[in-house]
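Each structure below appears as structure tokens.
Look for subunit A in each of the two complexes below; its partner is subunit B in the first and subunit C in the second.
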Partner chain A sequence: MNFEVISPKTTPELLNAIYDNQTENFRIGAGFTDLINQFKTQETEGLILINLTQLKDDNFKLIIENKTNFQIGALTTASEIIDNKSIKENFPVLYQAASKLASTQIRNVATVGGNICNVSPSGDMTAALIALKATCHIIDCDGNERKELLSSFIRGLKKTSLTKKEIIKNITIPKNAGQNLKSGFEKVGSRKSMEISIVSLAYHLQLTNDGIITHAGVACGAVAPTIPFTTSACEFLIEKNINTISENDKEEFAIKVLEYANPISDIRASDWYRKEVLFNVSKTIFGK
Partner chain B sequence: MLLRQFIKNSSNPPLTPPKEGKLPPFGRVGVGQTSNFKTMKKELNIIGKSHQKLDGKERVSGKAVYGHDIELPNMLHGSILRAKYPCAEIISIDTSKALTLEGVECIITANDVDVNNIGYKRDHPILKKGTVNCNRDEIAAVAAQTKEIADKAIQLIEVKYKIKEGVYDPFEALKETAPRINEFGKGAEQFGNKNVAEYFHYEHGNLAEQKAKSKVIVKKRYELPRVTHACMATSNITAEFNNFDGRLTLWSSTQVPFLYQRDIAHALKMEPSKIRVIQPIIGGGFGSKLDMHPFEPICVLLAKKSGKPVQILYSREEEFLASPTRQPMVIDLTTGCDENGKFTFREVEIIKDNGAYTSWGATTPFVMMQSYSSLYQVPACKFDSHAVYTNNPFAGSFRGYGNPQATFSIESNIDLMAEELGMDKREIRLINANYKGEITGQGLHFKTCGAIPALKTVIEKSNYDKIMAAPNTGRYKRGVGLGSMLHVGGGAKIYRSDGCGTTLKLDDYGYLTIVTGSNEIGQGSETVLAMIAMEELGIPKEKIKVINTDTDVKPWDVGVHASRTSFVAGNSLLGAIKLIKEKLNNKASQLLNVKTNEWEYKDGSMLFNGQEIKLDKVAREMHFASPHELCTVNYFYEPPSRFQDKDFKGDVSGNYAFASQAIEVEVDTVTGNVQVLNVHVSQDVGRVLNPIGLQGQMEGGLATGIGYALTEEMIYEKGILKNPSFHGYKMLTSTDMPDVHFYPIETYDEAGPYGSKGAGEAPLIPTAAAIANAVSNALGVRFYSLPITAEKVLRALSEKKLETRNSKQETNKI
Partner chain C sequence: MIITFKINGEIKTQEIKSSLLLIDLIRDVLRLKGTKPGCLEGECGACSVIVNGAAINSCMYLAINVDGKEVTTIEGLGNNENPLHQVQEKMLENGAVQCGFCTSGMVMTTKAYSDKCIAEGITPTREEVKKSLEGNLCRCTGYAKIIDAAEAVYKK
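This part shows the complex of A and B:
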């Protein structure tokens, strides 16, 4: 590994670094848990690394409760997500996804922005955020800002709408309508830690006091080139009562989730297994 | 009820039922404490109480010096070019571009070196020419000023290949039409097939007679995967060659320094004594360092050619790609029992994927035939094993040495026989269990035997009945399984000597130096040696030094294998202590003018009848007063074991270790994941020497055993490793470890130091067997291949569902 490192300390310095290197080959690193691995197999000569670990800007770092949403800085680490009480209470799906990520050491440095921008189909926090209908807040080195729903920000395998001029500043998650939730993250793998999801299912259901599902967000990881938000499965759940949902409805929901799955076979699991597990897991989210 | 009846009516020698001992950190079970071995009688102060590892603080604080930390003046860094294809002809190798890279000092290929083939079959060229036969094949090596330059130079070497169709299945390789894979193999002459690398045959008893007696005969095929040691410290070596006197110094993490010295000498056509092997702290052995591998002589060749010290360190990927593996194999096992469940015979045929070259994996039958012939009472046994060349990587030795594979097949068949006979799975094991005094068909003599107490203990402790009786419906299904094992406990006479030498020096200040032939690879044996000296000589730990890392200094020993180190080195030390005590006793008696040999050694002093003299004072008087002698002794211990005859019969070990495990699992029928909830392990260790060290061996062994059972597998496609990383190779982590309940059995075997037996390999041997039996118990579906992955489980469950559905439909039709 042989490359130049720029470590901006302020947002203007960061944007300048991006601006100045538009003609260069540069990468942005925050937690480096994925990037270092990539550098092992990629040619790094002539590469410029923009290192975000010294950046001091609360807009990138803090978890803030706004009027209609929660704002999570792109440089928030998985450990910071786990430690945040509001996240744990309001978005168990995100709390669980962050908790199940890799190991303590990795959670201490891996960032939300990095998890999103690595665009892995098995990104755990990304799957949770897609289920939560999160929005990316993006700035560019010309001073422009824009917002985009995370599920559309991701454009394909290893592809996002991010241009070379842009960087994600933070992510917002709309607030829940009420207190009643059925929210969680199912991670399937062969180890309890240091595992990359073979299949994951992120679900965030908002309920009335009686258990009627009013809002539903379900996304599945590692079963397609991108992490799909399973719109038709979510629509199917609206107005169903979680306490009395029938086995047939559970199965129909699972079938609808499965429609979004187009998995590959690799050394970790076959496409058959991924589908079978996704189907099985989808049926289980309603129980206690 | 059957079980209780058995215990009452057992015809085996009566045994005291397991009792809970008082000693922390776990209960102990003592059996047959009537031995007259003198060291067992007296009260022990040190042995049996937990002592921290001598190098524990260095290891956990990062101060320990591993091979990777060694830096010599002007040292170069080596890197190895490996084959791009697992089976190809080498048309040409062009190193010219690589040589021009700044910082490159030298490059070697097969054409530049005068060397011998390596491996015990001498079928393995250190550097390959003409053809490459597997994807770890070494083609060229570079020494450069930095590791980065060396790695870059490797990429600049241009090799032209003619790709050939390889053979990756040993059954294919056995066919007449298969190409000859290893040109040095002598299969055609020796075994009637060009691709057979090694063959073993063993038998005892009258097979036909026993078959005729059998009520139940079970025949099954078992498939065992290729797994790797995954040592935390990757392979490493540093070599320095002195051009003036022709002497070579190696900083190596070998487990067997003296055999290694001989192997390096043979490979490089040198005199063994000109090679000095120094062992830095070793970050994991587990059998992987029992053989010398090509990178080691390659490092020496680079050092010789460059005239500078050279170091080769593997990356993690290279460690996966190029270190030896556990021996993969296909086992066809037929076993029988009579109407009472008494075993009648075992007939086994094994095909091993030897890979392209022969290392110790091919010799795992030495251990496997012991289990087939002698684990439980076996009236007749026939064993055949072929190791077959393929274009896969070669297998080496790995903790357990074939025994986990054998035990998996044996214990699975036992469950199947019990099911067919309608017999309790505990009872069938208990009525066939090994017993004290048994001389097996192979000639193993169990002078002590904790097999039955171990089985009874795990059955009792595991809540076996309760788990079996619990309702097993819903998403998570629970099951319990049993597995037992037999392994050598007192070394193994594989070489002409299975002994170990010790030199003791008591200096003028009362410090004791133990120079032992044995070595430490993390198993904790040097700590046990220090404990023995503390116990016997009353010298505090701070005043004991164990020297065990330098072949120029230490006396001979075979090395770390066969769970032998504490046994042989402990006995050797006890012998040396007896000699040094004679010297000290004489001198002290002379100094204090008493006539006795009954000196007590305590707190650095010698005591008799109210008289006391400090040890250092005695040593000084020996040294400085006439007749002026040093307080040093030498002792060599050779175990009472015998070399096996040509039919592999004979009492090969000083004693034998027995163990049982009862493992409780929970299977998630949604994901197929198997979680191990509880492991109850009871092992005949003879006597507990260092409880915390023993517990560590248990937990470490179980971690490996559970991984072998459930997740670990090197995935090869046409000779190419697809998962050379911890991401793809699913070694389990601490978070996956179940609760480990350990109940040592103490049988006080006369042969071992303080009655102890070797314990290192045993903890992982019956683990996969017990887990497979537990999963089968939970699901009603049996798995004949390892690892039992979530995908295999889910597939089996979906097939079972389909079967049930189909059979229902058929029923409806009727």
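This part shows the complex of A and C:
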């Protein structure tokens, strides 16, 4: 590896670095748990790395509770997500996804922004954030800002709407309407640790005191080029009672989730297996 | 590029190439060979060191990013009075070392985790201890004894 590194300390320095290098081949890195491995297998001569590790800006780094949403800085690590009590309480799906990601050593450095921008169909925190209807807040080196729903920000395999001038500053998640939740992250792999999902299912259901589903967010990972938000499956759940939902309805929900799956066969699992697993996992999220 | 950092309690200023990895700074520049290069892609944890209290894989960490930070390697755990850290003592007592290649990574991860648990006043369950070591592989398959040792750190 042989590349040049720019380590901005402030956001203006960061935006200048992006602006000044528009004609160059540059990459942006934060936790480096994916990027370093990519660099090791490719030519890095002439590459410029914009290193975010030394950036000091709370808008990029902190988890902040606002009036209507929670704001998570793009540089928040998976470990910081796990240690945050509000996240654990309000968004168990995100807490569980961060906990099930890789290993302690990787969680200590891997960031939310990196997980999103690596655009892997098996990105665990990304799947949780899609289920939570998260929005990306993006800034560019000309001083513009824009927002985009994460589910539309991801445009395809390894593709986002991010231009060479832009960077994600933070992500916001709308607050829950109430306290009653059925929220979790199911990750299926061949072992528990250091696993890249064969199938993952992120779900966040908001309920009335009686168990009626009022809001539903379900996304499935590693079964399509992107991580689809399963709109029709979510709509199907509205006004169903989680305590009395019938076996038929559970199956119908799972069939609707499966409509979003278009998996490939690879070293981890066949497309047939991924569909079977997704179907079975989808049925079980309601509990026994 | 010049960086200043603390390693095993000692402040160092070092000129390095900006693309140098932390593991190479530790092993090749500082000649501290206790940190082991295993898979070199973040799977095995043999290269684990502690940066500002957190265990990280030094094979995927840029050396320039320890500027202003505190790094602890396996060599930093002992001193003349106490040559072995408590985690190392427990590894010995439990026969948790076989070929030894994974051991320094196991020790560093366990130390970081036990420091965190002690600071928060938590005694972890065996399952939690296991989970804390999920980023460390042992090719001698000695996990039971390693987990026994890591768990024993919390027993009086």
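Things worth noting here:
Note that in this section the second predicted complex is superposed on the first by the 287 of 288 C-alpha atoms of A that agree within 3 Å, B and C clash if a C-alpha of one lies under 4 Å from a C-alpha of the other, contacts with A are read in each partner's own complex, and residues count from 1 in each chain.
The rule is short, and it goes like this: a contact is a pair of C-beta atoms (placed from the backbone, for glycine too) under 8 Å apart; a residue touches a chain by one contact, two chains touch by 3 or more.
Because the structure is a prediction, the values reported are computed rather than measured.
Touch criterion not met for A:241: it reaches neither subunit B nor subunit C. Of the two partner chains, subunit B and subunit C are each touched by A:194. In the superposition on chain A, A:276 contacts subunit B only, with no contact to subunit C. Touch criterion met: A:79 reaches subunit C, while subunit B stays clear of it. In the superposition on chain A, contact of A:16 is made with neither subunit B nor subunit C. When the two structures are aligned on the shared chain, A:284 is found in touch with subunit B, with no touch to subunit C.
Contacts of A:267 after superposition on the shared chain: subunit B is touched, whereas subunit C is not.
In the superposed model, C is the one of subunit B and subunit C that contacts more residues of subunit A.
Look at A:180: by the touch rule set out above, it reaches neither subunit B nor subunit C. Shared contact residues of subunit A with subunit B and subunit C: 2, 103, 192-194. Across the complex, subunit A meets subunit B through its residues 2, 103, 188, 190-194, 196, 198, 267-270, 272-273, 276-277, 280-281, 283-284. Of all the residues in subunit C, the ones that touch subunit A in their complex are 1, 17-19, 21, 40-43, 45, 48, 54-57, 59-62, 64-65, 67, 109, 112-113, 131-132, 134-136. Across the complex, subunit A meets subunit C through its residues 1-5, 7, 32-33, 36-37, 39-40, 44, 49, 51, 53-54, 79, 102-106, 108-109, 192-194. Taken in their complex, subunit B has these residues touching subunit A: 148, 475, 669-673, 710-711, 715, 722-723, 726-728, 730, 732-733, 735-736, 789-791, 794-795, 798.
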